[in-house]
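In the two complexes below, chain A is the common chain; its partner is chain B in one and chain C in the other.
Now for the complex of A and B:
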């Protein structure tokens, strides 16, 4: 499979079907792979694919410095591909002007990432070429959101206390934002200061405002790659907030982001039948 | 400070320019009395009411927030309230998971003709918030200081 991947990327670059291949490289097999941007066919041998290929490379597609390199080809796992589907739906990438190289994935990380235990997209579904074979078994919604259900058993006061503790560690490094494939605004609301909406200092007040904003700006969009959680230097459980909104979107609108390229985005569309029992 | 315990709820109301604001206006011109605990902030449309405004109100010491606009089908901009409704459906679930008290966030549709409903809603919310007391839990967040 690795040879096939290198061969494909070499051919893409040599034939001019892609100007840059965004893939994984690795120095030490025990360490996580890092992103590599291959522009010459002879460098295709730097590419690797194994269970330590954690980063979601789709995030680089919207970066101006990567766009400047020309037509991209990107290596995607099934979960990363969901983010790509969202980007294409939101008009951020032109699928015709790029190549998606799918890789079948049995889960990544040692130990396995939490997302992998509830994954139902081991095999990429919309990539232009797919390496390897994996099986996409359906996972039922109860298992998918078990973590949230468990958390919601706490009382609101306990939940708030949990987040006060959790968010008190936040240092506002914005790694969660930088690493997110769907946080592509060139000017983030957190950086706007006239008027200033979100307290920029790392106070509990500012951290609450930021994390609410981050989570909600991804409502019905987050594809669940968990890169924010992995990037967080203080280990805040951002995954829980993302899952909460994913659960809400699936329960209320039957919508899962990045699963269907044709589906209307849940925020930005509406239905006359939307429930409103909470509105008096 | 009419209450013996001295607690007067502070309620921030984000209302749309075309329906609820005029509803409040009608309540005023009809001399319908409602509690003075409400601070009305007029916005063009419920579709414009950014969720950050709700968070901001709590940060600035509100004990409750009211968000109100045109009834479905009545939006001046055709669909602003439909978009807002959908956003609130998701936002309420996020707030709930964060442990924010949903009894302190109220959503209503009040038309320009419903001065009476405006009076009733404001009275109800004020009484409800008075019973809940000050929003101490969010105060802890605001006064949490540097981390």
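Now for the complex of A and C:
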């Protein structure tokens, strides 16, 4: 599969079908693989694919520095591909002007990332070319949101105490935002300082303001790649926030972000059949 | 002869200090999650072994991520200004790593250079640092490349070295340390030895010449292209000390505060005119390295890095001082300052 991946990327570059391959490289098999930008066919041998390929490379597609390299081909796992589906639906990438190289994935990370235990997209579904075979077994909604359901058994007071403890550790490094493929705003509201919309202070008030604003902006959009949780240097469980909103989007609108490229985004669509009166 | 203290006794002391109203800061393991330095509420929260080093640094004790400088309140036509409460509680850091303790002596320069920062200095005076020497390191550690070692004493008031039998050799490095542990240690013939640290990975003076001779090289952009632009490196770094001044509040009350800032953010250098001298991430990465290995050494005679490796460890895409500099050394053969342009880039 690795040779197939390298061969495919070499050919894409040699045939001019892509100017840059955004993939993974690795120096030591025990260490995480890291993003690499291959522009010459002879460098395709730098590419690797294994369970240490954690980052969601889709986030690079909207970066000016990467766009400047030309037409991209990007290596995607099934979960990363969901973010790509959202980006295309939101008009941020033109799927015709890029190549998605899917890789079958049995899960990443040692130990396995939490997202992998509830994954039903091991095999990429919409990539232009897919390497390897994995099986997409359905995961029922109860299992998908088990972490949220468990959390909701706590009393509101206990839940607030949990979030106070979690968010008190936030130092506002914005790693959650920077790694997020869907946080592509040219100027984030947290960076709008004339006037300052959100406290820049890493106080409990400023941290709640930041994380709740971000969660709401990702409501019905977050594709669940969980990069924010992985990137957080102080280990805040941001997955729990995102899953809570994903659960609502599914329960209220039968919508799962990034699953169906044809589905109308839940935040960007409107239906006369909506159960809420105020919207009609 | 040496002085020793058992881990049990140290833990008991921590409990006594907390009960006596002292603020104790040390490695704590949240469940689940990374080991982090934090203000401890009880002695049993202190975690003394089983990890390389915490994912954050002790700089927060002397340079908090958010510090109110003054406040204001408007009531009718009356305006009142408020100063923050003067600090008085003694602070004890227990279980610092040598790469954390050393950062304090580095930060001292910058907060006492042309302006004596009373906020920093007050916290520093109130703080005593008990360091535990490293008995292991990982691939990200590079203290030996910046003149430190697993048992470096710099910045520590007490250095503890694990004797492997549930006790530590306690080296009181300063008067402050001696005072804190006076009468609490036992005499012993045992002395501690630490395993060797990481192999040196680069030479800071070579790095300085590479950085200074290749300012305009495309190498920096190329080596750091994957940087996603967060501040995880700066904020978990024991020596990064840049801050922003923020006014927060409303028409009735508010405060002016000092908050951590990072050179990795685009906003860091954005001028009021809209011009930004550093528009690309590669320029921001180059700046961070320049500050650490050229600008700071030129001003204060030492590098702004203790080799803790937190930058790489916390980077979502495994970049960091060591990652970038090892590549730079490979790519730029040092001949002399003027001929070192990265031709390969």
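FYI, the second predicted complex is superposed on the first by the 271 of 280 C-alpha atoms of A that agree within 3 Å, B and C clash if a C-alpha of one lies under 4 Å from a C-alpha of the other, contacts with A are read in each partner's own complex, and residues count from 1 in each chain.
Simple rule for what comes next: a residue touches a chain if its C-beta (ideal position, glycine included) is under 8 Å from a C-beta of that chain, and two chains touch if they have at least 3 such contacts.
Because the structure is predicted, anything quoted here is derived from the model rather than measured.
**Student:** Should A:227 be classified as contacting the first partner (chain B), the second (chain C), both, or neither?
**Tutor:** second
**Student:** Should A:173 be classified as contacting the first partner (chain B), the second (chain C), both, or neither?
**Tutor:** In the superposed model, A:173 contacts chain C only, not chain B.
**Student:** Contacts for A:196 in the overlay, against chain B (first) and chain C (second): which applies, first, second, both or neither?
**Tutor:** A:196: touches chain C, not chain B.
**Student:** Given the touch rule stated above, what does A:28 touch, chain B (first), chain C (second), both, or neither?
**Tutor:** A:28: touches chain C, not chain B.
**Student:** Taking the superposition on A as described, I'd like to know which of chain B and chain C A:65 touches: first, second, both or neither.
**Tutor:** Touch partner of A:65: chain C, not chain B.
**Student:** Taking the superposition on A as described, I'd like to know which of chain B and chain C A:161 touches: first, second, both or neither.
**Tutor:** Touch status of A:161: first partner only.
**Student:** Which partner, chain B or chain C, is in contact with more residues of chain A?
**Tutor:** The partner making contact with more of chain A's residues is B.
**Student:** Determine where on chain A the residues touched by chain B overlap those touched by chain C, and list them.
**Tutor:** In the superposed arrangement, which is not itself an observed complex, chain A uses residues 169, 171, 199, 201-203 for both chain B and chain C.
**Student:** What residues on chain B touch chain A, complex-wise?
**Tutor:** On the chain B side, the touching residues are 50-52, 55-56, 59, 72, 79, 82-83, 85-102, 106-109, 121, 137, 140-142, 144-147.
**Student:** Within their complex, state which residues of chain C touch chain A.
**Tutor:** 30, 32-34, 36, 38, 55-56, 65-66, 139, 221, 225-226, 228-232, 234-236, 244, 246-248, 257, 259-260, 262, 265-267, 280-282, 314, 316-319
**Student:** Hey, which residues of chain A end up touching chain B in the complex?
**Tutor:** Within the complex, chain A contacts chain B at residues 148, 151-152, 154, 156-164, 167-171, 189, 197-199, 201-205, 207-209, 212-213, 215-216, 219-220, 240-241, 244-245, 247-249, 252, 266-272, 274-276, 278-280.
**Student:** Would you pull the chain A residues touching chain C in the complex into a rising list?
**Tutor:** 28, 31-32, 34-37, 55, 59-60, 65-66, 165, 169, 171-175, 177-179, 191, 193, 196, 199-203, 206, 227, 230-231, 233-235
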